[in-house]
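Here's the structure we're looking at; comments come further down.
Chains here go by letter, A, B, C and D, matching the order in which they are written, and residues are numbered from 1 within each.
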Amino acid sequence: MNLMEYQGKELFRRCGIPVPRSQHCKTPDDVAAFIEKNPGKWVVKAQVLMGGRGKAGKIKFATNAQEGRTVAREIMATPMPPNRQNPKGEAINSLLVEETVEIEKEAYCAITVDRATKKPSVIVTRFGGMDVEEVHEQHPESFKYHFVDTAIGYWPFVGRGLAFGAELDNGYRKQFPAIVAGMYDLFFRYGAKLVEINPLVLTKDGRVVAADAKIEIDDDGLFRHPEFKEWQAVLPLDEDEKLASEAGLGIRNFRRFGGTVGTMANGAGLAMGTMDAVKNAGGEIANFLDVGGGADAQRVRNCYELVVNHTAAKVLFINIFGGITRGDEVAKGIVTAMKETTSRKIPLVIRLTGTNEVEGRRILAEAGMTPVETMDEGAKRAVELAAGA
Amino acid sequence: MSIYLDKNSKVFVQGITGSEGSYHTGRMLAYGTKIVGGVTPGKGGQKTTHGLPVFNTVKECIEATGATHQCIFVPPAGAGDALLEAYEAGVRFSVCITEGVPVHDMLKVAGTTPGMRIIGPNCPGLVSPGQSLVGIMPGHVFKEGNVGLISRSGTLTYEVVDGLTRAGLGQSTCVGIGGDPIIGTTFVDCLREFAKDPQTKALVLCGEIGGSDEEEAAAFIKQHLSHMPIVAFIGGRNAPPGKSLGHAGAIISGSFGTPQSKVSAFQAAGVPVADRPSQIPELLKERMAARV
Amino acid sequence: MNLMEYQGKELFRRCGIPVPRSQHCKTPDDVAAFIEKNPGKWVVKAQVLMGGRGKAGKIKFATNAQEGRTVAREIMATPMPPNRQNPKGEAINSLLVEETVEIEKEAYCAITVDRATKKPSVIVTRFGGMDVEEVHEQHPESFKYHFVDTAIGYWPFVGRGLAFGAELDNGYRKQFPAIVAGMYDLFFRYGAKLVEINPLVLTKDGRVVAADAKIEIDDDGLFRHPEFKEWQAVLPLDEDEKLASEAGLGIRNFRRFGGTVGTMANGAGLAMGTMDAVKNAGGEIANFLDVGGGADAQRVRNCYELVVNHTAAKVLFINIFGGITRGDEVAKGIVTAMKETTSRKIPLVIRLTGTNEVEGRRILAEAGMTPVETMDEGAKRAVELAAGA
Amino acid sequence: MSIYLDKNSKVFVQGITGSEGSYHTGRMLAYGTKIVGGVTPGKGGQKTTHGLPVFNTVKECIEATGATHQCIFVPPAGAGDALLEAYEAGVRFSVCITEGVPVHDMLKVAGTTPGMRIIGPNCPGLVSPGQSLVGIMPGHVFKEGNVGLISRSGTLTYEVVDGLTRAGLGQSTCVGIGGDPIIGTTFVDCLREFAKDPQTKALVLCGEIGGSDEEEAAAFIKQHLSHMPIVAFIGGRNAPPGKSLGHAGAIISGSFGTPQSKVSAFQAAGVPVADRPSQIPELLKERMAARV
């Protein structure tokens, strides 16, 4: 779960990380009313998950109420421009009106989960305010890392050492360890996978403030944070995520690719392998679909209808290798789903093996379905059917 | 021999009276695994449907049964707790099947359990064919032999093993290490063990996109296992680009974990990479023949 | 810093430890008004730091507003009865009006700092609701301990294991691990040296609630918790603590004993040793006084006046062995203090050695003061002077 | 020989430019301690008034100077941080002079620094007379010799040492372990070292009321050091009863730490307990004479 800037900054405040004064607004009128009451120089920023707001003209300045209303309208008039992951762009539903700060320096600081060391990693570079991938290309030596020993936890020496090591401007030094402490607190308290401040601004009057906030919360830890339910409800899902969610799947369990061979498998690894097999057999993949662990009739039916109604699939290759998933249950699920569905019918190619495969095959046979033996065979058959259909 | 697990390993199941725990305990027993008891808080003193004793705590369980290997089937919120309870009680080998364990629980566990070998979480477990199976793998696809297998995927592992067995290539130990961001045991951890195992004469590595475990494994092989026939496979080469995990993570790992970087790393280590699982047996046979 | 029950329960609430519904009241009228608005069975409890409220009749029940006012008046009419540490008792300035709970079982649970293992220790016994020292005498085997590895922190298995080990009633089992989690959170979050719940009540309707709260906060960690300032201001100090605090000393640095030989030394160990020496020389000790590390003129003057004006001392034995304390500075302090003080003069016996002792002795000599050589000699002289004076 | 500290020990001072740090650095140098540098964040690259190099971090300091022993003079809020910075940089011996360190910082430090020897906090440091002094003790009262000393008190230690020196009893190493609830090094830790030190022929233990360290020391002596002449002293036998530290703590320790329980424990271990510091030298001489 990725948070928007205003949500991230709310968590920053709770964890003692200094942020500029700001107000979250839903309409241009709200923006105007806020600036009317609070004269000054303000920046109005689109609240979206997509990156590249500045380049897209979705960050603008305003020095009075009328100007605030105008720029807010301009920003909200069009969605964020599309990219590969968001082919329809992203609608702008709210804005953050924030105090402008006089920038002396911009740095970059993040905490993330490092797979290799199995530790939280604190990353700092003195080049902030630009795309971090760009910095990594141009100044790879500027990145300093500290892998935090989770037994010891975060202590100020970590931030101090990083500030010296990354050669942050001297103005950062005293405030930096406490800011990283706040980030680490946030990281653990809310189960974040990423806490990123870019830029971390040293202002002309000597304050250090987080001018942006990028936070990713671990979905697996969300059950400990019912307070995020409200935010979760307003976060934009892309089309595929919405469809997956409506079908009762995890939002990452389904993705479309435009081909004619639909796939459905148990486990992400096998689902990916199934797509590979279809590719290898010369077919075009309609979708990725991981049906998950317990594939009962309702789940199978939902998945079938998802593929039939929302992809260009002419055939569905169901590939099940039972481990925790039991073959007999999946078989029952398939039979019941095909009986009950009201959607149009497309041919199925079924491969069913592993736990309880004998019973599963029997159930399918009784319903007149003959499973194939191997994944490659199934892929080949599916591609032929898609081509012939 | 085999790694991690053999026919004498005494196993207990945490969450043994839950539906998954109970079901797979039965299957493990059927495979021949030496399961000696289980833990379900509040059900201490009872017997499972398989006739095994149930204890309230891990400490009681291992004191009464002498169990050394743990298998965890508790819900995600309790998996970290189960691992640490076992660690404090002195258990040093644990297989965590549970899917959806919060990554921060695993960060804490990984940082505070020195000396404990954890397989998983979100993994199918491991099998030393003909001896013992701990986890949820379908036992009938395995066959005793000389090929060691390490895999990040669950169901894809079965696919690969099935192919090996059909091709007459039995296995020494097959380890499903799991695909979560933080896992207890990596490719390299397993490679170290296989390097010491006399039974293991060849290896299969099933990687996935993302992370840099495969690259590290390739480097290890280049240095320590260049004598052994090894074949790799990378799942998900046509996988959807997921939502970005954040630039920071990618920068740190020094690798975006693309299929290409993994394939190149293996090739540089002299390890052929199969295009599909079904190619693995023949590639491995070729390598084995070349060495003899 | 010890907290009163209502303060402790406020922290319990913040840490998710269930407590009965309650209202903190300052007057009998407040009590009456609250019960008027909230009909039910209430218990009215004196808010004091001293133990033994029940036996002293400072906990009473009320079922309506009039009764509430009456019992509140009765409770507040007299202070807590005196004991050795509080020879004047303790005034009752406020009350906690709390929902009565139907008690099924009472247990005891505490977290404290264990010196031997250097770990937080969680202690549980199924015998709650009585003096824990009594339980320890009668049922020593009922105590179960867990020493928490601070690297790992508290996890539910600790509470679960203790509940089984201490054979708590089965009704406790499900709620207990989360309650201990809350206690551990409190222990670290607020830097507590003791978090004690006695009794931890299992109610007839199956809830587990903390019916009392006893918390000691580490004074050395208070700087991290400015939020406690307000509470600190209302906590009662005993007479000695008040005097020490007014003299600018730590509240534990001064205590009176009624004898005629005043003492003052640097460091608690030497201050105790000085008292031992006076005792050994046959004298009666007037006081314990640790002047602390940096003994400048103002500090020495304050300490001198504290002894002269508030004890029965006829002589003051000043015993300084310089380490971090520098002899020359103490000497200057003594000379200046004696010059400036407006209190009556009593004879001084000075022993000054250690860091910068030569310079210190010179300064004293110039002011006409001749220090003794050893602690025993000083004690002997002081006892003689007190007897002769 | 001596324990923990000798003339070759390279020492650095954390907080070297502060007023206490700077003052005592000068005194340690005057004693002959091999101080090679110090740390004050933000003053890296400067020199102290004694001409020593100052570094921003412990890591830089030890890399540049090869220092192995740390002495801490930072304010209470930073002491835990200073200890952990040193630990992560690889330092394994640290003397923490700072008074008023939050007990929870020490709980965290004690639980997460395996293999690190910490003296203190809230202690006067240690001296191996004639070789090196780390801390704030007045060097001139010490004299090289064969008596080892361990003390929970600060200023009382000087008193005792002064008496030993005047009586002609020089010292091998004197350790002020500090009186806080959580300290890095206990009586028993020091006894283990003294037991291995050929220079040390006799021991003096200065305990205090409270806690159970003295009882544990007595038990250790009974088992491992019964051959050595040892004298103990318990400070505060006429001390004020402080405000209760809570029943729970007292119950746990299994001892209310009364002077009597400590005196009994020492006597049971064959260790005489002096009534006052000035008795220690003669008691020790008696014991030493009895053994010869």
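Structure notes:
Following the convention adopted for this analysis, a contact is a pair of C-beta atoms (placed from the backbone, for glycine too) under 8 Å apart; a residue touches a chain by one contact, two chains touch by 3 or more.
If you're wondering where the values come from, they're calculated on a predicted model, not measured in any experiment.
Looking at C-D alongside B-C, one finds more C-beta pairs in contact between the chains of C-D. Mean C-alpha position of chain C lies 27 Å from that of chain D. Note on chain placement: the centre of chain A and the centre of chain D lie 54 Å apart, centres being C-alpha means. Computed from the mean C-alpha positions, the centre of chain A lies at a distance of 52 Å from the centre of chain C.
Within chain D, residues 108, 111-112 each touch two or more of the remaining chains. Along chain C, residues 149, 151-152 each make contact with two or more other chains. In terms of inter-chain touching, the protein chains here follow a pattern that is not a line, ring, star or complete graph. Pairwise, the chains that make contact are A-B, A-C, A-D, B-C, C-D.
Those residues of chain A whose C-beta lies close enough to touch chain C in the complex are 151-152.
Those residues of chain A that touch chain D in the shared complex are 149, 151-153, 155-157, 160-161, 164, 170, 173. Residues of chain D touching chain A in their complex: 41-42, 44, 56-59, 78, 80-82, 84-85, 87-88, 108, 111-112.
Taken in their complex, chain B has these residues touching chain A: 20, 24, 27, 76-77, 97, 99-108, 110-112, 124, 136-138, 141, 151-159, 162, 179, 181-182, 206, 208, 211-213, 216, 235-249, 251-253, 275-278. Across the complex, chain D is touched by residues 2, 84-85, 110, 112-116, 118-121, 123, 132-133, 136, 143, 145, 149-151, 187-188, 191, 193-194, 196, 214, 216, 218, 220-221, 223-224, 252, 255, 257, 265-270, 272-273, 275-277, 279-280, 285, 288, 293, 321-325, 353-355, 357, 374-376 of chain C.
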